[in-house]
Amino acid sequence: MTTDQTIQQNTLRKRVFDKLEPTDRSDMPGKLVDLFLITLIAVNIIAVVLETVASIRAEHQRLFEVIELVSVAIFTVEYIARLWSCVENPDYTGETSPRRAYMLSPMAIIDLIAILPFYLSFVLAIDLRVLRVLRLLRVFKLTRYSSAMSMLLNVIREEANAFFAGFFILMVLLILAASGAYLVEHDAQPDKFGSIPHAMWWAMATLTTVGYGDVTPVTPAGQFFGALVTVIGVGMAALPAGILASGLADQLRRNREELTSELRRALEDGIIDENEESELEELRKSLGLSQRIAREVRKSVHDQREASETFCCPECGTVTVREVVQK
Amino acid sequence: MTTDQTIQQNTLRKRVFDKLEPTDRSDMPGKLVDLFLITLIAVNIIAVVLETVASIRAEHQRLFEVIELVSVAIFTVEYIARLWSCVENPDYTGETSPRRAYMLSPMAIIDLIAILPFYLSFVLAIDLRVLRVLRLLRVFKLTRYSSAMSMLLNVIREEANAFFAGFFILMVLLILAASGAYLVEHDAQPDKFGSIPHAMWWAMATLTTVGYGDVTPVTPAGQFFGALVTVIGVGMAALPAGILASGLADQLRRNREELTSELRRALEDGIIDENEESELEELRKSLGLSQRIAREVRKSVHDQREASETFCCPECGTVTVREVVQK
Amino acid sequence: MTTDQTIQQNTLRKRVFDKLEPTDRSDMPGKLVDLFLITLIAVNIIAVVLETVASIRAEHQRLFEVIELVSVAIFTVEYIARLWSCVENPDYTGETSPRRAYMLSPMAIIDLIAILPFYLSFVLAIDLRVLRVLRLLRVFKLTRYSSAMSMLLNVIREEANAFFAGFFILMVLLILAASGAYLVEHDAQPDKFGSIPHAMWWAMATLTTVGYGDVTPVTPAGQFFGALVTVIGVGMAALPAGILASGLADQLRRNREELTSELRRALEDGIIDENEESELEELRKSLGLSQRIAREVRKSVHDQREASETFCCPECGTVTVREVVQK
Amino acid sequence: MTTDQTIQQNTLRKRVFDKLEPTDRSDMPGKLVDLFLITLIAVNIIAVVLETVASIRAEHQRLFEVIELVSVAIFTVEYIARLWSCVENPDYTGETSPRRAYMLSPMAIIDLIAILPFYLSFVLAIDLRVLRVLRLLRVFKLTRYSSAMSMLLNVIREEANAFFAGFFILMVLLILAASGAYLVEHDAQPDKFGSIPHAMWWAMATLTTVGYGDVTPVTPAGQFFGALVTVIGVGMAALPAGILASGLADQLRRNREELTSELRRALEDGIIDENEESELEELRKSLGLSQRIAREVRKSVHDQREASETFCCPECGTVTVREVVQK
C-alpha cells in the first residue's frame, strides 16, 4: 500500500475519530452522530420492553425484527469504527497496543455486550427470552453521553469504602435480623420463618422499609423484635443514599473551588481576554456547574480582590498598597 | 385621549402595579391584596376537594358554583390587571414588548391556567369532572407568595443535572429490575409478571420502597433477585431527595456568606448607619435567613475585625494598625 | 413579716432555685433532683402504656392509681417550687413580672399540661381513656434534660421556612396525586377512590413510601399514574428529613467554629490558664461537642499559629516577625 | 527458665504479635493471616445460615460439625495467641497489667464471644438452635479488618448525642402515635388497637415507612390521624440516617483538611523527600482517603504556594518574597 493511500486512510481515520469522539461537543456533525445513536438506543429499549407484551409482539413481530437487525448492524459498525479509529485518541499515544487498551476500556466492553449476544445466539442455544432481555444492557451505552451520570459514578468510586461500609453493615443487620426472627417466629410460622434464608426475605423487606407485608411476625415476641430491628435498621438502609448524596454535594463544591482558582489565575493579570473567557466556559461545562454558580464565583472572587494589603520595603520603608488574592 | 388623561392613567397603572407587586412586603395595602388572594386560592382548593364528596356536593351545590364564579371573576381581573400594569415593572424596561415578555413568564402562564379551563369549557366539551380537578392547578398560584418555595425550585434548577442523573439511574434500575423479575417470575405468575411493563409495577413499588405488597415474587429465584434489587436500589430511589437536601443546605450556606461579605463591606468605614442597617435587613429577608443566623454572622465578622493587627516597631516604636480581612 | 424572715426565705428560695435549675450540671444535689424527676417521668410513661392492656390493668389497678397520685403530687410541688423560685433566675432580672414571664415560657406550660388534666377531671367530665392518654404528654418534660433534643428543636426553628417549603410541596403533591388518582380510578374502585379525600389515603401512603397496600390502583392508567407519582414524589417526602439532617450538621459545624474562635481568644496571650481551660470545657459541653472534636480544634488552631508573617516598620524599616491568627 | 529461653520466647512472641497485628498492612505474612481468618469467618457465617435449612442440614450434618470444630479450635488458638502476645503492643506499654487491659478491649471481647458459647454449651444446657445462631456473632470479628467500618462506628460515636436525639424523638412520636391510634381505632378494631402496646406495631410500621399493611386504620378519624402521623413522622424516622450520612461526609472533609495541613508542613522546606512522601501515604491510608482526593489536595496546596507574593519596592527596587499561607 503506498504512503499516499496510508496518509489518505489516516486522515479518513482521523475524521471518523473526530465524529465519534468529538473533543468539543459544539462540533455539529459530532453532535448529530451522538443524537442519532442516543435515539437508536432509546428505540431499542422501548422495543425490547414492548416486545414482551404478547399482544404487541404478535402484531408488530416484523417491525421488532427489523429494529433488532438494523440496530445490531449499526452498533457493529459503530464498534468496529471506534476500534479502528481509537489509535487517533491522544490518551492512547505512547501505548504499546492502543487497540487492546481500548478494547479493555469499560465503554468498549459495554459496546461489545450490546452486540455480542446477537452473534452468540447463532453458536450457542440461548433461551430466546433471555436473549431479548439481554438487549436491555444497551441502556448502558447511554453512559457515554451523560456527563452527570459519569460524575455520579465518579462519586461512587470516590466514596467506595464508605459505600462498602454501608452495605457491609446492611448485610450484618440482615443476617442478625433474619436469624433473630428465625429464632422467635420459627415455631409460629414454620413455612415463612423455617430457616434463616427464608427469614431473610422478611428481614430484607423490613430493613429497606419496603415492607411488602406478605410476611410479618405474628407472635408478640416476633413483633417486638421486628419493631426493634426496624427502628434500628431504618437508618442503615438509607445510609448508602445519604453517603452518595453528600458525596455528590461535596464533589460539586470542589468543582466550584476548582473554577474559582482557575478564574483567579485568569484574573492575575487584571483582565480576562476572550481566550481565557472561552477556557473558563469550557471548564464550567466540563465541571457541570450552572451559569448562576459561575456568576456567584466571579462575584466572590471580585469581592476578594478588593481586599488590599499594605506593605513596606524593609530597605527604604516605602509603603505600597497591593491587592491580596485570598482563597 | 389628552396627555392629561394619559398621565392620570399611567399614575393609576403605577399604583395598581405597586399594589400587585409590592417591592417591599411591608407596604400595607400590598400585603392585604396578597392576603386576600392567598385566602381565595386556599378556599378554591378546599372547595374542589370537598366538591368531589358526593354527599357534600349534593348539599352545597349552589355554594360551590358561587365560589367558582366569583373566583374566576377575581382571577380574571387579577390577570388582566397584572398584564396591563406589567409595563411598570422595572425588569421589563428596555424590552421591545414588555407585555408579551410578561405573558410568557412562568407566573403569568400559571395565572392563565387558573382561569383558562373555565372559559374553554364553553367552546370545548370537557368532562365536567376533569374540568373540576383542573382547578386544583390554581395551587401553583401560591408559588408567588412563598419565598422558601421559590428557593427550593431554585435549588432544583441549580442541581438540575445531578437531579437528572438521579432519575436516569432510577429509570435504568427500573427497566433492569422489571426485566429481571419478568424473566424469573414470568412462569410462576403470568398474570402479574406477564410482561416487562407489568413487572414494572412491582419494580417501581420495590425500588421506591413503597412496597404495596399486592405484587411480590414467590419463587426462591424471584425473591433472591428481589432482595438483591431492593438492597442495591434502596439508595438510588432516595437519591434525588438527598441531592435536593444537600443542595438546599449549600444554598443556605452561600446565602450566609453573601450576607457576611455585605456586612463586611458595610463595616469597612467602621460603623453601620441606619441606611446600611435597613439594606442589610432587606438582604437578610431576601436571602431567607433567620434573625439568629444574622446575629451569628455579625458576631463572627466582628470577631475577625478584632484581629486587626497593631504593630509597634521595637526599634523606633512607631505604631502601625493593619486590618486582616479573613475569609 | 420581718426583714430577717424575708432574707431567710430569700436564701431558701435561692437554694431551691439552685437545686431545680443547677447552673452547672456537675453540682451533685441538682443532679440527684434531675435524676429523680427523669425516672419519675419514665415510670409515668410506662405506667400509662401498660395500663391500656386490659389484663395488666385488672391486675395492678391499685398500683397504677398510687403511681398517678404520687406523680401528680410531686409534679405539682415541682411546678409550684419552680414558679416560686423563678424570680431568682438571672434571665428574668429586669422583668416587670418575672412570674408571669416564667408561666408563659414553653417549659412552664409543658409542666402545667402534665398536671392540669388530673385537676380538670374533677370539674369537667372527661372520658377516662382520653384522660389517661393525656398523661403521656408528660414525656415532653424530658425536653428540659436533653441538650441534644433542644438543639434539634433549635435546628427546626432555624430551618423553619425551608421546612415549611418541604411540607408545602408535599401538600401540593398530595392534592395533585389524590385528584389524579380520583380521576383515573374513580370508576374502577368507587369505594376507595370515590372522592379526593378518599384518594388522599392512597396518595399519602404512596408519597411517604409507607405503601400499606390496602388501597392500590388496579387499572393500567391508574398504575401508570401511580408509578409516575411515586417516582417523582419519593424524593419530596424525604425532604424535611434531609433538610433537618443537613441543618443539624451545619449547626454542629458552626458550634465547632464558635469553640475555635473562643479558643483563639484564650490563646491570644500565648497560654491557656485553668480559668480559661474550665470556661472552654463549659462551652464545649454547652455546644454538645465531643472531646475528640475539641482536640481536633485545638490542633488546627495551634497549626495556624505556626504560620508567621514578616512586617517592617514604615519609619525605620526594621523587620519584625509575628504570628498570624487565621480563621 | 534461663534468660536465654526468655529472650527466645520474647522474640517468638514479638513475631507472633507482628503477624497478628501487622503495623503496616503491606507485610506479606501478616496479610495472609488476615486473609485466612477473614475467609474462615465468612465460611462460618455461610455455614450457620445454610445449616438452618432442614434439607441441607440433613445432607451435610457431618460437614457442618467439622467446620464448627475446626473454627472453634482456630479461633481459640487465635484468641490465646493474641492474649499472649498483646504485651508486645506498644499501646499497652506503661499499663500495669497489659493483659487485663487487652481482655477488656472491645475486639478481645468480640473474639471471646465467638468461642465462648461453644464451651458454655458443655456446662449449661443451651437450646441447640440458639447456640447455633449465636455463632453468627462471629461476623463482628470482621470489624478488625474494615477501616471504613471502624470509621463509620467512629462517626456514630462522634454524633452520639445527635443520634440519641433522633431516636428519642422517634420514641416520643411512637408513643404519641400509638396512643392516638389507640384512642380513635380502639372501638373499631379492638383486636389490633386494643391497647397502646398493640397500636405500637402499627405506629412503628408507619413512622418507619415500612407499612406492612397487616394493620391499618379503617375509621375516617383513624385514617386522618394516620395520614397526619405519617406526614409529620416520615422525616423523623430517616433522621438518624441523615445525621450519620452528613456526619460521615463531615469526617471525610476533616480528614482531607488534616492531610492538607500535613502536606503543607512537609512542603514548608520547599520539597517533599521520600521519607515525608511515605509518611503522607501512610496518613492518606489511615484517613481512608482515595488516591484521587490526595492528588486534588496536592494540587490545591501547590496552587496556594504559588500565591507567595513577590514585592518589588517602587522606590529602591528591593525585592521581598513573602508566602501567604492560606486556609
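Brief remarks on what is shown
Labels A, B, C and D are assigned to the chains in the order they are written; within every chain, residues are numbered from 1.
FYI, a contact is a pair of C-beta atoms (placed from the backbone, for glycine too) under 8 Å apart; a residue touches a chain by one contact, two chains touch by 3 or more.
As the structure is a computational prediction, the values presented were derived from the model and not from experiment.
Seen from the C-alpha centroid of chain B, the farthest chain centroid is that of D. Each of A-D and B-D has its own count of C-beta contacts, and the greater count is at A-D. Rounded to a multiple of 5, the C-alpha superposition of chain C onto chain D involves a rotation of 90 degrees.
One inter-chain figure worth recording: chain A and chain D are separated by 28 Å, centre to centre, where each centre is the mean of the chain's CA atoms.
Note: centroid distance chain B to chain D, computed from Cα atoms, is 39 Å. Under the contact definition stated at the top, the residues of chain B that touch 2 or more other chains are 205, 209-213, 237-239, 241-242, 245-246, 249, 322, 327. Of all residues in chain C, those touching chain A in their complex are 209-213, 242, 245, 312-317, 319. Only residues 45, 48-50, 52-54, 129-130, 133, 136, 139-140, 142, 146-149, 151-152, 167, 170, 174, 200-201, 204-205, 208-214, 237-242, 244-246, 248-249, 252-253, 288, 290, 292-293, 296, 300, 303-304, 307, 309, 311, 313-316, 318, 320, 322, 324, 326-327 of chain B touch chain C when the two sit together in their complex. Chain A makes touch with chain D in their complex at residues 157-162, 164-166, 168-169, 172, 175-176, 178-180, 182-183, 186, 194-197, 205-206, 209-213, 216, 223, 226-227, 230-231, 234-239, 241-243, 245-247, 249-250, 254, 257, 261, 311, 313-316, 318, 320, 322, 324-327.
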